[in-house]
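Note that subunit A is present in both complexes that follow, paired respectively with subunit B and with subunit C.
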Partner chain A sequence: MAIRYTDRVYALGLAARWLHLASSVLLVGAAAMIVIAGRSDRATALHWERRVLASAWGWALAALASGLVVIGAQTALFEGRAGAAFEPRAIERVLLETQAGHVWLVRAGFLAILAAFLSLRVSVERRADWRAARGEAVLLGVAALLPLAAAGHAAAVEPDTARAIASDGLHVLAAGIWVGGLLPLALLLKTAATEAGADARPYAVLAARRFSRAALVMIVLLAATGTVLAIIHVGSVAGLVGTSYGRLLLSKLALLALALAFAALNRSVLLGRLGGDGPTVGRPAMRRLSSFVVVEAILALAILIIVAAMNVTPPARHEPPVWPFTIRLSFAALEGRADEATRALIGSQIAVVGLVALITGLAMRAWRLPLAAVALAALGAGVGLALPPLTIDAYPTTYLRPSVPYQAGAIAAGAVLYQTNCAGCHGPRGAGDGPDGRGLPRPPADLRAPHTAQHTAGDLFWWISHGIPESGMPGFVSRLGEEQCWELINYLRALSAGYAARGMGPTIERDRRWLVAPDFTFSVGPTPPHALKDYRGRNVLVVLYALPGARARMSQLAQREGTLAMLGVEVIAVPINADPDAIRRLGPDPRVMFPVVTEGAETIVAAYRLFAVAPHVELLVDRQGYVRAITRGTGEATDIDALVAQIQQLNAEKIAAEAAPEEHVH
Partner chain B sequence: MRAWKAVLLIDLALIIGVGWGYAFWGLREGRLERELAEARAAAASGIERQWRVEGVVRAIFPELGVIVLTHGEIPGYMPAMTMGFRVASPKIHEAVSVGDAVRFTLQGVLPNVAVTTIEKIK
Partner chain C sequence: MRVARRLVPAGLAVLALWPAAALAHAVLVKSVPAQRAALVESPPRVELWFNERLEPAYSKALVTNEAGTQVDLRDVAVSPEDSRRLAVSLPPLAPGRYTVSFRVLSVDGHVIESKLTFTVKDRR
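Moving on to the complex of A and B:
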């Protein structure tokens, strides 16, 4: 079977990364295990200590050697060609000019110092000397391990880079102490279980107990930092099940569960039987614990293979998720269906009762089995009752994020696509009343309906590209490219939002933000373009005007611009009949100082007319980018104090900490 | 030598090494920043500068000798905005009217700059 060259390079890089990670981790664990076990003057214990130190020295050299391969692979990756891995100049550039290179240099330095330190023959007869020497080994090992966090995915997290790096550092450190301590422990137990090692048996029992306690703390730390990192790098269920990074994490968790099952068995059953002597306690238990600990260590090292793969896989947050199921769960399914909501509520209550009963059953001694059976039945029934109403059909693209942002330009382009491809069946205004839709198995959907909120942009993407066979809707994947599909979806979003905006009037509703103002770019004369988004943090009055009808209102706005500016309002005037000479047409008196759009007006008008149609429209956009009030008129001068009152109300609102409108996708 | 003394020496060497490296790095960065600030100050003070900028005439105040322009970025002076500029002579603003797209020359020693030439574009 032919293996492609890149696959081989990838496999080699992965193996090197794994060896590097494993040896760095084992090194810290070996050094830490000696400190955890404590000092002993028994001959067998001293022999064990020497062997563990020798292994730590070996791991340090292995980490240095595999680190060389890793930096070579990194260089090949940065330079984009495999040959660069063998060019000293290229490697030098990576080492001196990239953060990964700096981290590598620091770590290699600590590893070299540690290796040199471990090969020193120093006397540790006295307690202070022993503590200093063994502590120094742990310190140097940790110093060599921790900077790994600053060269991984965590270093690329924005914002809160420091938090991500700190979590990652603690995560590797805890893994090091847990995973790295297992092999030395197994060795100690195995030696102590032999006839010749009998003198170290009390020491081995003590060491196993101490390690067990330390490992428990480390596993709690691993779980906590792991959760933080999963939220940072994966962030959603779709990312977990729908991307390669997420699936690697899932397989890591499965292996971890297995390893923890062994750990729990070791701790709860075998640890208590180490003392004494007999057929099941003492030496036989020690031997068995030793082999079980080896199994735990092998599982943990297998987990590190997955970790190495995750290090070279882009985090789920940056990948488009492919949803693997045909359904998903969402509370949006309950909207407007009161009976289903009741059912879900009752089901969830039964499930909670079942869960409480299950916990009680596990805690009690008497009645444990029957109680657990009843509890499980209640839990199953509750879940079975609650979940079906919450299910919504889902598609592979359901959680795909739009690759075209919600902008006036995309909406305008989508409007054109709609009229040529969709209006025939869905009707010119999206009401589902097109002439071609009459003979179809199911009437075409009314695209203005609020039910679009139940569907993600990714659902729409699937329907548009693949069609809905049972309803007679064809797929457009061959006619429209991906970008055009997203433009169309942006238009549908604006259409549906605009339909809902019919009820929005000139007075704002306090703290109710729902109508996202699509971003747009515009130019004033030959100056470089600006975007609506640049005004985030100030209120914006978008004025769609037409001369001569709106001359009175425009003069009024021009005269009162100072008042509006003082209240934190920027006026952007958009001529409905796009005109490169719009500024001249407004004339020199009164002086108009706010931006008058001379380029980009067509798309702004095409998008914003979906929200309001009138000879003169003013949309008040708040500091967070939501349309809050719409005034429809003919352009006569009106009471400016009414507008001022609305703005003062907007300014009195607290800015909510919710996501910026672009990130809010439906 | 006792092991704890050796460890102490190693740790001291590490602390001094890392500290020295960090200080060296910090000092170099400080020096670079200072040089940059000096270069900026030299560029800004006392020297007559000149820019060619595009914009739109928004208003003219003949009695003040001021012309209001919506203009693009003026590198090293100000970002794109709408504001008034002094004109060097009345002849300058007489050549243009509100709404004209223009290219103009801004000249002077900061902050005393004035529009010295202006012409319509397109």
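Moving on to the complex of A and C:
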């Protein structure tokens, strides 16, 4: 019962938002429809105009009243107590101190002015006066509608906040002119179709034609801005089918398709039949068009319910998507399977031929049907051939984004978890050779292998949390928390990357960036902490050293610090034995100018040791955060010019657009 | 009675926006100290970065010790230069586990509420 109750309460709040949105939209549409239809001196037309103006006044009042409920609800939400909705002080604080409050004040102001303006009796005898008065009503309505965009999801988009707000603003405006114009149009057509309204018939036909043209433009605008907004707020197929926001959008699109089908029917069939100026010609069409337009309006208002729900739902981009299917498409599935790849290629070619034939068929008059049938058959066969090799297993968490970033701390924590939970089967080094793995239905996977490339981080998350029952891999969901699973995944990623990095030596390979340097934070003495990421745009030499073995090399680096700095290289020295006294121990001469990590060294060593094991390791990280060269040694002084040559080569590279990804992504 | 009867639906409508708070997903991008960090030095402040701009009036954070006592200097504020950053200063902290609890409001009207912990280690 409790759930029912909450549902009902939720529905009520939604109703207030919807009423507010709908009345704001209908208001703009009503005012705009008068301008679109133009001025007339026929009695019926004038009567219609007055009624539409009166309805606009009513919408303005409804928008103000429902706006009060909405701001009360928002106050309760912001304050975290339901009672705050009735406290003037709390509401005042929201109005004066939040962006949503400011937007509300501006909009309420315009609505009040508009309501006052509409209740005035202004003389519109002269054409110029009519234009000014009706134009002003439209402008005030638009001014009250547009700022909505600055209080919605678009306001929080970054970067490009302005673009998001502009798209959102145009989107509601276009919706306002289209949706809001429908009801006044239906009223005009209905009146003009009666005996008494005959004088307004030519006016109604003209108005319907003009509105139809305006609505077409608005729909194109809606589609364009809607696409931009969907990319901003949803951004992926998983977001579309796997989050509440995405599914709301899908239902919105379904209703929209229906509404547009009606609009297309109205435009292509009924609009043409309105013509003729005799008293009887076009009247039945006019009546039918009127009721069809009402249906279109009802569908559009239903869409606004969904929009209101979307307003209180976090955008898909910020939600963990739950993939609803057991398969997904992936080109990675083709790697190393030449025959399957050929099959997919042939299938896709057939499908493309089918698609082209289908389009040609639709464009042609003769042969349309047979051509379309053949085209459809080709399309179906092509898709049927191409898809199976491309599909791979998927899980609800497949597109989940890691909630723990790829950082040394998480990798080190994952390494500890791995040794206690997984090493028994997968082996202490991940080779799949643990003692507990013998006798399982399938041998434990070699976790160092690059096979993970086929799988998303979310796939690994599923296996680790739920296990792989058919092969004897247990699930850990009851033993480990979500965060610990992600730490393990970060460790597995570093493990397999490190395995692949065995071959990376001291010379860089031009433009080959693949080994992401896990980020880390470190402190040097009492200064505030730094992160490796803060050095993006500079090259970094991460030096894992141990004294006394590496004394010669460290002195050399300290002496040549200036040369390296000139080349845009920062040195970060990390004592392998995590010595809090490391700086003092390096001694005063030569003076060490680069950071020597005194806090956080253990985790850095634990993570970077996966990439190289030697008494002394130097990793050259490029300006975008990729490890490009690894030197393994014992710590004696070596030719620094060799290092300089590598750095010069790095500096000669063009910086690609993409910086190293912070998360575990494949 | 009449007034009450009218207030009840209004109150229900107000409650209706509750689910939005529950639905909102924590989008703390980064923190210093990091989640579950183990520090040798007591940090001078806690800084939290979010992926959206915050409303200063409704964005708060507090730091408590294991006993649940508030230990921060109660000067929590959204940074005027970067309105995605929330910071609160700390006095020198004794070794122990600390919890940072925050409740912030993003400019698009979503409330985010969560916690993180860090430890100040005993000096060797």
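Quick note on the criterion: the second predicted complex is superposed on the first by the 645 of 666 C-alpha atoms of A that agree within 3 Å, B and C clash if a C-alpha of one lies under 4 Å from a C-alpha of the other, contacts with A are read in each partner's own complex, and residues count from 1 in each chain.
The definition used in the following text is that contacts are C-beta pairs under 8 Å (C-beta built on N, C-alpha and C of every residue); 3 or more make two chains touch, one makes a residue touch a chain.
Quick caveat: nothing in here was measured; it's all calculated off a predicted structure.
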Note to self: Looking at A:353, would you say it contacts subunit B, subunit C, both, or neither? Reply first, second, both or neither.
What the structure shows: neither
Notebook entry, point to check: Just subunit B (first), just subunit C (second), both, or neither: which does A:13 touch?
Noted result: second
Next item on the list: Once the structures are superposed on A, label A:332 by its partner contacts, choosing first (subunit B), second (subunit C), both or neither.
Entry: neither
Margin query: For A:124, using the defined touch cut-off, is the partner it touches subunit B, subunit C, both, or neither? Pick first, second, both or neither.
Written below: first
Note to self: Contacts for A:521 in the overlay, against subunit B (first) and subunit C (second): which applies, first, second, both or neither?
What the structure shows: second
Margin query: Under the stated touch criterion, name the partner, subunit B or subunit C, that contacts more residues in subunit A.
Written below: C
Notebook entry, point to check: Is A:255 contacted by the first partner subunit B, the second partner subunit C, both or neither?
Noted result: neither
Notebook entry, point to check: Which residues form the common part of the subunit A surface touched by subunit B and by subunit C?
Noted result: 526, 528, 598
Notebook entry, point to check: What residues of subunit C sit close enough to touch subunit A in their complex?
Noted result: 7, 9-21, 23-25, 27, 30, 32-37, 39-41, 44, 51-53, 55-58, 84, 103, 105-111, 124
Check: Considering the complex alone, what residue numbers of subunit A touch subunit C?
Finding: 6, 8-16, 69, 72-74, 76-80, 82, 85-86, 93-94, 97-100, 151-156, 158, 244, 312-314, 318-320, 405, 407, 409, 413, 483, 521, 523, 526, 528-529, 580, 598-599
Next item on the list: Sort out for me which residues of subunit B touch subunit A in the complex.
Entry: 1-4, 6-8, 10-11, 14, 54-56, 58-60, 68, 70-73, 80, 82, 97-101, 103, 121
Notebook entry, point to check: Which subunit A residues qualify as touching subunit B in the complex?
Noted result: 113, 117, 120, 122-124, 126, 128-133, 135-136, 139, 524-528, 530, 581-588, 591-595, 598
